[in-house]
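In this document, chain identifiers A, B, C and D correspond to the written order of the chains, with residue numbering beginning at 1 in each.
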């Protein structure tokens, strides 16, 4: 599992340091050198406008991973608040909050995101909005579930009887108990969001060209599938490996937490 | 049992109404003037403001949110999805035609997914932590990480471009369904394998099973009569939620393979700002999702009537 | 003194307690016994204020019970402690909530009485035996010196030797500290051994109440007699005495 | 025929729970197995059952709580049929009625699932199922601790009466020496994964020989409380 962590770390480092490591300007057009094969100068070749694919991938990591991180954290915040309201607010609040959550769940995430991003006009802002609005329900369900279970747990009842304030109880008992599950859900959503961002990019509703983003790069490469198939390998591979690394990290985390709890 | 199922129905109705309102809110707040879009579609030209106002009044758009909502939802309740604001054609027949392409694809993908995932998961669950199990989990993990659109392109590259075994784009012949179904089916299989495997493992860890072994019940009977039903409940429940995954995959795959199904229908409708069509697709997916999950909830409660009862 | 006056309570639509009246004097012990579902836990929840009675009043020397901050010892000892925290942290919660000082002498004395070493309290709940966890639970109940402690099946998770050992420690500490205790238990043997008065609960009503001696010698009701005979049959009560 | 086992042992993740143990059980005898929690009583019960069954003897085991013996998704009738099939006997409604009746099980609805019955009735049903094949030995693991006293006492009385004159031997596993003393003629004391003492009930109560037995007898009744 250490190798998985290392892989995930490498990807995060690449996302942070990408622009420094990139050998070329990702937007530098070089028509004479278009659709170039991998070579010593252009390690992964060049695209239809002669731009260096490696540089674009490295810059793209920042968009794909960075945006996914931001969006999954926004979802985490919304979901936690909603879940806490459901768990603590009494029966009526619980019912209405959970039906709202069900309503949002009824729209397949990507379909809703496509509609939102498409109707509000494609762009980075609407991308963030679309994926945040559709990405908080899982957190809410987890937080609500744990919150309801904790309510009747012996030690929470004891703390209440001792006369501790709700804030202290939340800090002392609720948050530590929810953290592990939330982190596991968060890694899952992080990976899921990377897929979502590139899917929107691929459909043309995400980050707009000329910004390098893995989904849009794939969209560009698709036209040249017959002439230079290698072009479409790279961005897809980048998405797949980063999603895999994050998912495996989540699995490892879940297993180690499960082992600690038993 | 009956009040429980009535409760579920009520819940489904609440969720569907919520979905309708949410759809309308989104469209209401979308930039651009819907009256303009409708008028352009109807008269096929830029129209003067008084005509625009007339259209707005007809569609109930000038009366504020709730009257407009009522004007919108009224026909919907009797199954009238209206007319496309771009082509002027009725939405419903077009939608049904698109569904005619999407439904077989979804079914084929589900069959492929199940026929891979089920044996793989059973094999994996035979000896948890064993070589087979690790392989199955690894395959499923990799499968779940591959974006469906990329997988689709890879399959096109391999089977349509390099080997030229099957056609890729469009939906003219029956063979056209092979690649999209495979793309989607592999993704479904990856997701299902993990769900089924953990469902079986969980069901097998139940505290009462050792007593059955000691009573002399054969391993086969235990697996069939006591493990399978207990595994079915969580598996089917998660399946219902994963339906969203299938619908998303359909959208992507249909776009990649240029199939004239719901996915292409939706993307095209969004690009042309054809609101009635967008509404129709969004509502339809929400309806499918809600009712499939309703059916699953009812199935689980028939299997175990304790679910959903207070104090269970 | 604890006064329970004509208390009724509902669990959902179900009438869980009806017209319960009991008193408990300072420093004395009242045992409440009965079968599961008889309303024992509901009674405790009402006294602690976790459940609002639908009728009647519960007071401690004329004031609401809450003002005396009663403590509770629970049935599942490990569940009563946050699994992630050392026992001591949970044990000191009542003091922390009151912003009260920890008196090291008192703590040492209580620990000694409960046969708990300071080293043991630094462990997490999963790392101590169930009997030790229960003694830590009693320590937590005692630490802020409440005048009233409620025991909800305090021994039922323990084995028979540990049960008797723990019961003796509770009795000794009560003699020393002078708190009143209300003990809910389905074990008639324990109920009779530990209490000054015993009340038998059945489907939310008090079937009979009296001193343990008179109850064992001559139960007033048919049901009481059944309970006593069952206790004999299971060895919970010794026949000859 | 006397049942005998030898060299019975068990370990769990490297920790020895049961040291090599041998035991003879005469037909019809009733033995109590007592010991503190964690002494390995339940493990012994499981190991004994499994070992004898593997050697083709008819032995049944009744777990502590009916939750550990019944599938909540299956009806009571299903459980009964399944137990008959497992023993290889045809369905016998007459025998079923007899067994249920002698254990005081109200002719309830066999089509219901376990949770449609009270816990006491579930436990009796499990005991009745254990008796279908007229076993040579029935092992009861804390049969009373999950039940209310009145129901538990009734159950034990009914079982006693049923076993009267049967060839079926019984092992009663419990942490409660007083309970065992009321119910059986012989006692075995388990300590730290070993049977350290076996004696007639009266002898053990009055002249315990080992440290473990002395601890149990010293704390057997409630009378020692200073109040």
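Keep this in mind: contacts are C-beta pairs under 8 Å (C-beta built on N, C-alpha and C of every residue); 3 or more make two chains touch, one makes a residue touch a chain.
Note that the structure is predicted; figures quoted are calculated from it, not measured.
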item	value
Chains contacting each of chain B and chain D, listed by label	none
Pair joined by the larger number of C-beta contacts - A-B, C-D	A-B
Between chain A and chain B, centroid-to-centroid distance (C-alpha), Å	21
Centroid spacing, where centroids are CA-atom means, of chain C and chain D in whole angstrom	31
Rounded Å distance, chain A centre to chain D centre (Cα mean)	55
Residues within chain A bordering two or more other chains	none
Junction residues of chain C - those touching two or more other chains	none
Residues of chain D touching at least two other chains	none
Category of the chain touch graph - line, ring, star, complete, other	ring
Full enumeration of touching chain pairs	A-B, A-C, B-D, C-D
In the complex with chain B, residue positions of chain D that touch it	46, 49-50, 53, 60-61, 63, 67-74, 78, 82-83, 85-87, 115, 129-130
Parts of chain A lying in touch with chain C, wherever the complex brings them together	153-155, 157-165, 168, 172-173, 176-177, 261
Residues of chain D defined as touching chain C within the complex	36-38, 144, 148-154, 156-157, 175-183, 215-216, 219-227
Chain D-facing residues of chain C, complex	29, 35-36, 129-130, 158-165, 167-168, 171-172, 174-175, 186-190, 192-194, 196, 226-227, 229-231, 233-238, 241
Interfacial residue positions of chain B with respect to chain A in the complex	11, 14-16, 18-19, 22, 26-27, 30-31, 141-142, 144-150, 153-154, 156-157, 161, 241, 243-245, 247-248, 251-252, 255, 266-267, 270-271, 273, 278, 281-282, 285-286, 289-290
